[in-house]
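Below is one structure, written out as structure tokens; comments come after it.
Here the chain labels run A, B, C and D in written order, and each chain numbers its own residues starting at 1.
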Amino acid sequence: MAHNIDLSGYSIRTDLAVEAHELAQQQNESNIEGIWLQADDREPNIKVTRLHVQTEEAGKQIGKLPGRYLTIEVPKLRENDTSIEEQVAKRFAVEFAAFLEQMGITKDQKALIVGLGNWNVTPDALGPMVVENLLITRHLYKLAPETVGEGYREVSAISPGVLGITGIETSEIVFGVVEKSKPDFVICIDALASRALHRVNTTIQISDTGIHPGSGVGNKRKAIDQATLGIPVIAVGVPTVVFASTIVNDAITYLLGHFGQSMVESKRAFNKLALSTVPERSEPYTEDDLPDMESRKTFMGLVGSLPEEEKRQLIHEVLRPLGQDLVVTPKEVDDFIEGVANVIATGLNRSLHQAVDGDNSAAYTH
Amino acid sequence: MAHNIDLSGYSIRTDLAVEAHELAQQQNESNIEGIWLQADDREPNIKVTRLHVQTEEAGKQIGKLPGRYLTIEVPKLRENDTSIEEQVAKRFAVEFAAFLEQMGITKDQKALIVGLGNWNVTPDALGPMVVENLLITRHLYKLAPETVGEGYREVSAISPGVLGITGIETSEIVFGVVEKSKPDFVICIDALASRALHRVNTTIQISDTGIHPGSGVGNKRKAIDQATLGIPVIAVGVPTVVFASTIVNDAITYLLGHFGQSMVESKRAFNKLALSTVPERSEPYTEDDLPDMESRKTFMGLVGSLPEEEKRQLIHEVLRPLGQDLVVTPKEVDDFIEGVANVIATGLNRSLHQAVDGDNSAAYTH
Amino acid sequence: MAHNIDLSGYSIRTDLAVEAHELAQQQNESNIEGIWLQADDREPNIKVTRLHVQTEEAGKQIGKLPGRYLTIEVPKLRENDTSIEEQVAKRFAVEFAAFLEQMGITKDQKALIVGLGNWNVTPDALGPMVVENLLITRHLYKLAPETVGEGYREVSAISPGVLGITGIETSEIVFGVVEKSKPDFVICIDALASRALHRVNTTIQISDTGIHPGSGVGNKRKAIDQATLGIPVIAVGVPTVVFASTIVNDAITYLLGHFGQSMVESKRAFNKLALSTVPERSEPYTEDDLPDMESRKTFMGLVGSLPEEEKRQLIHEVLRPLGQDLVVTPKEVDDFIEGVANVIATGLNRSLHQAVDGDNSAAYTH
Amino acid sequence: MAHNIDLSGYSIRTDLAVEAHELAQQQNESNIEGIWLQADDREPNIKVTRLHVQTEEAGKQIGKLPGRYLTIEVPKLRENDTSIEEQVAKRFAVEFAAFLEQMGITKDQKALIVGLGNWNVTPDALGPMVVENLLITRHLYKLAPETVGEGYREVSAISPGVLGITGIETSEIVFGVVEKSKPDFVICIDALASRALHRVNTTIQISDTGIHPGSGVGNKRKAIDQATLGIPVIAVGVPTVVFASTIVNDAITYLLGHFGQSMVESKRAFNKLALSTVPERSEPYTEDDLPDMESRKTFMGLVGSLPEEEKRQLIHEVLRPLGQDLVVTPKEVDDFIEGVANVIATGLNRSLHQAVDGDNSAAYTH
């Protein structure tokens, strides 16, 4: 959520490639060409999805830049169970190490880890919280190289803050630090927005496409990616918030499907619906009133017939008086963020430093 | 949210009397007997509602105990504007002082303020945060009475924690402390659950009915009220969370009303609706398919025809896979809670101690 | 530091029995009758001292109540090394379990743990921080006893706050909670004041004498011990602060000893001393001035000849303009307190619940 | 304390120019040439000292770079009194605005404020805490200039962290950010070490010499000053810590002076001194033992005759077993730092933005 200036962006897209792909497939009838997708749920509790957007064209269809996206989904991650957290940290380490290798990044190349987000806003504090728990070594290589054993690499880290606190674009700070500290690659950690409440704090996305806050013309300079930095940029993100209006949108879609499939037709029930939704009139409504009420049903029609983006925008507008343009997060956000930040920091420490393994990795986080 | 054991309670009720009354009125056609209600929005930005549940019978109809409920609603309170916060603190002080007077509590009676809730869960930390900012004087009266000037009263405070942290019912701790410290009346501060997202962190409720966690048989002993403590108990609450499924429920009701009133009947749109909600089939649907699809519309009917409680329960169940049994809070929860806690603490300091006024009250909070 | 009202107490005593005993022995020539002392440093890094004050008379001589005191000293505990912390937690668990057994407390008796101190003052936050990391079970025994496995006992906990926050004597709150929750014994966790900087955050004291804030007449009612509660009270304390004037006092004593033993007599050096300590005069001092300067040396004499308590009081007064009546703590206090709180919580969880061992105990703290 | 790598630096110098000057004057008999000093204590509670090191030569004598140093001393600042804090913020704003003007910095030049130090170490968190409370405007000038009224200037801010967290020299980060964000001048906020406990959290130093961590050859690149950045650098610092060994050093010097002046010569007292400092011997010492004990007195002589730096180093070494190489801070550090950070942030907001005055400045801090 480094991109917290352009919040409208949330309403028309998701930060997760798997969600964007699902949405696009719902609107198409067939598979999208140029998208390679592989799901792996062999390990209990964990589903890993690898999605490769292979062409510009495919990217446009799902609204995501060409590149590789790896998603780790763990519904139980929200249960605050340390053995699940340890399991996910382990898998994250394996997947992240393989992801780096696939990108051609070698074991002695220098990493700069950037913790994006606002440390004062709990659901946005993921990046800074990960940075606090990393095993940092760059200064040892510079000041006392003889003290660094085998199996480590140069790692540095920064939490640049957000525009409202610094007055400076995050990307400008990162560019400045990269120029001075000269890492070989950058890893950005960020809190994301999801379309689906069930993905909040249960999903980790790794991608090689960098960070692209907002969208559209003029924001190019804010991107933090290989094109702007000149070195590879890996983005690691976890959805921590969802638009209230998106909850409604998805719920309506889901409910329509749910009831449609599980119930027989019922004219009577349908009529009751129409009756039930008319709030005020002194005498009772009867079926005779139905013709006038047909209009009420049209909302679903109107809503349903709109393109996905416009539909969401409409719901968003309509619900503003209800406060549903709010971005929400689960009540237990403090615990959730702490847990997932620990998973990512532990996983990064293990995959960046070969000398760190399961037995000693807990010593670096707190 | 001292009542965080019985979360199911959230789905079938609201902590706010004004919401409960609205709901009850929607289901009845006429006014409910035994409810006295007065709204006052003469002051800009602020709407104060006084609701008196005068009989047991009326209480049953709206699901609230007989007693007085005062609600201060300030939609702009969420804008983090210090001048609004100061305005609300001032009004709160005036209303709270009048509320005490109406209860027969005099200016020299001793107050114990209880900050309910869990300090580790930001949206539940309202009570403990208010306690941190109170002007506490009881120990001065005991140890150095000559140092206490005119215009103060004995005030003590405690944050008893929650069952998961202490292992002890909050009410047991409060009973023990009341017995030992012998206050004349108790003020409980608590974070509440609302049915409506737009009330989250914008509404303050004051009532003379005490705290009644959960519902039903067997929980009587957990209540913190005049009956159990033997002294008056005033509850001050702010809704800080809402069930995700409630957001959906209310949105559907609202959308049905919205579109029904603003659009002309449109058979075509209605048909489109039905078509649009069928996700997978190779050949396009046509209007000929409509009869089979009527069933889809029935969900609204079934939902609409159910009693309010069952309807919400149904939506709750259906949406479980979407994670909508989650309790959510706005992303900016840290700022919101800090702001409203400051308003309440400042307001309490002013209304409990006559010597504290607008000029010096900020000195006691931080 | 629940006793933070009577800070003068710090200047005339130490909270640690081993220190009080050392001091008393320095002033006596022979061993004190009625004190049994045993030191055990067989385990690397750790020195355990068991001190038994067997008579009232002996207690008066060292200024400590009759009872058992167990001290775990770990100079390396301040190095923030997780393997040392794990080692100390293990040893603490063993010693604490033995201490309970010696007191006749059985494995199924119910514990209430009281975290004394002020959570807003880092060096005083030890007690509340330990409470946050305990495995609490009492509510499970009450609400869902079938879910509690073998090897656990009923444990509850409370952080009552300090007088400045609550306005109520801590002891009153504890009495109230004990009456309502009916534990079989109480464990109080508290931050202590030490005379010696090297003991700050490196020493843990366990005693069966309870908590006795302040001293002298009239404070009896504030004590939290078997006499006042009617059940055994174990106190666990860690020195986290030291008076600045005590640092000076001890340093002077130590320096006198150090130089006295390591250097030959040197009249010349002695004269230089006298010369060097006269700040302002236009012409240089010579040895001829010495007679007049003898007086300067007398401070050491005066100081040295005073009884220990008066000497410290004198230094305390003299140094007030230097700000040395301040109570100080190491700069790294945040890390130190977090580390030692974790050690104690882990140790308590293991010794109170047989089912908790080294492999799973970390899961309960965070 | 951005310079927390080279802590040995603390033992041989002070960060405060007024202290360095006092020390130098104690060792010289006359005023130091090239030092201009003016003290102003006309305002109650506040003493402002302006010290101008006019030549390289003078700078060497007091161990400070040539430049202007302004010190605001407020002994009562530690009393946590909001009216004193408001008074100091006001005076700070006036002095700081004048300081900028004297440096030739105009009202529309762009400021970058750098909050040095470690946010996880309370006594080192001053800089980051000030940054959190600043009125940041640079992004408004860039993104929505029409929204910025008269009387403001472009202000940005960053908390770069410390080497142990980032692995990157703080100066490198600042250089990078300055290059990208192009401010006209830089203000660095830092926690300092003092020689004197009574200056901790009661003194604010403003200087135009920038930040020079450590000392000696090879550290040039770490400096943050006009020479390295090419733009003016103002440093604002508050002493928050002191070496335990410095407390002892200064106390001894002070005690020698105190007793020397206030007491008559007393051979007897002197002898008692010698007797009292010999800890163990079975038979009592008598005056006959005195010749052998003369050596004990020599420590003061040896200590006194050494150059100031070596003397402190010696005490430092000797006291290591006592843990007196620790850097300490007052127990109330949390409150103190919060208070003084608030004073500086409020003062900076007022002096940097003409439109911010006493009435609205509190609205920007929290």
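In this section, a residue touches a chain if its C-beta (ideal position, glycine included) is under 8 Å from a C-beta of that chain, and two chains touch if they have at least 3 such contacts.
Just so it is clear, the structure is predicted and the values come from calculations on it, not from any experiment.
In terms of the distance between Cα centroids, subunit B is separated most widely from D. When the contact pairs of A-B are matched by residue number against C-D, B-C or A-D, more than half turn up again in C-D. Centroids built from CA atoms put subunit C at 48 Å from subunit A. For the pair subunit B and subunit C, the distance between C-alpha centroids works out to 44 Å.
In subunit A, the positions touching at least two other chains are 120. For subunit A in complex with subunit B, the touching residues are 26, 29, 120-124, 196-200, 241, 244, 247-248, 250-260, 263-279, 282, 291-305, 315, 318-319, 321-324, 326-335.
Considering their complex, residues 5, 120, 131-132, 136-140, 143, 154-161, 163-169, 172-173, 175-181 of subunit B touch subunit C.
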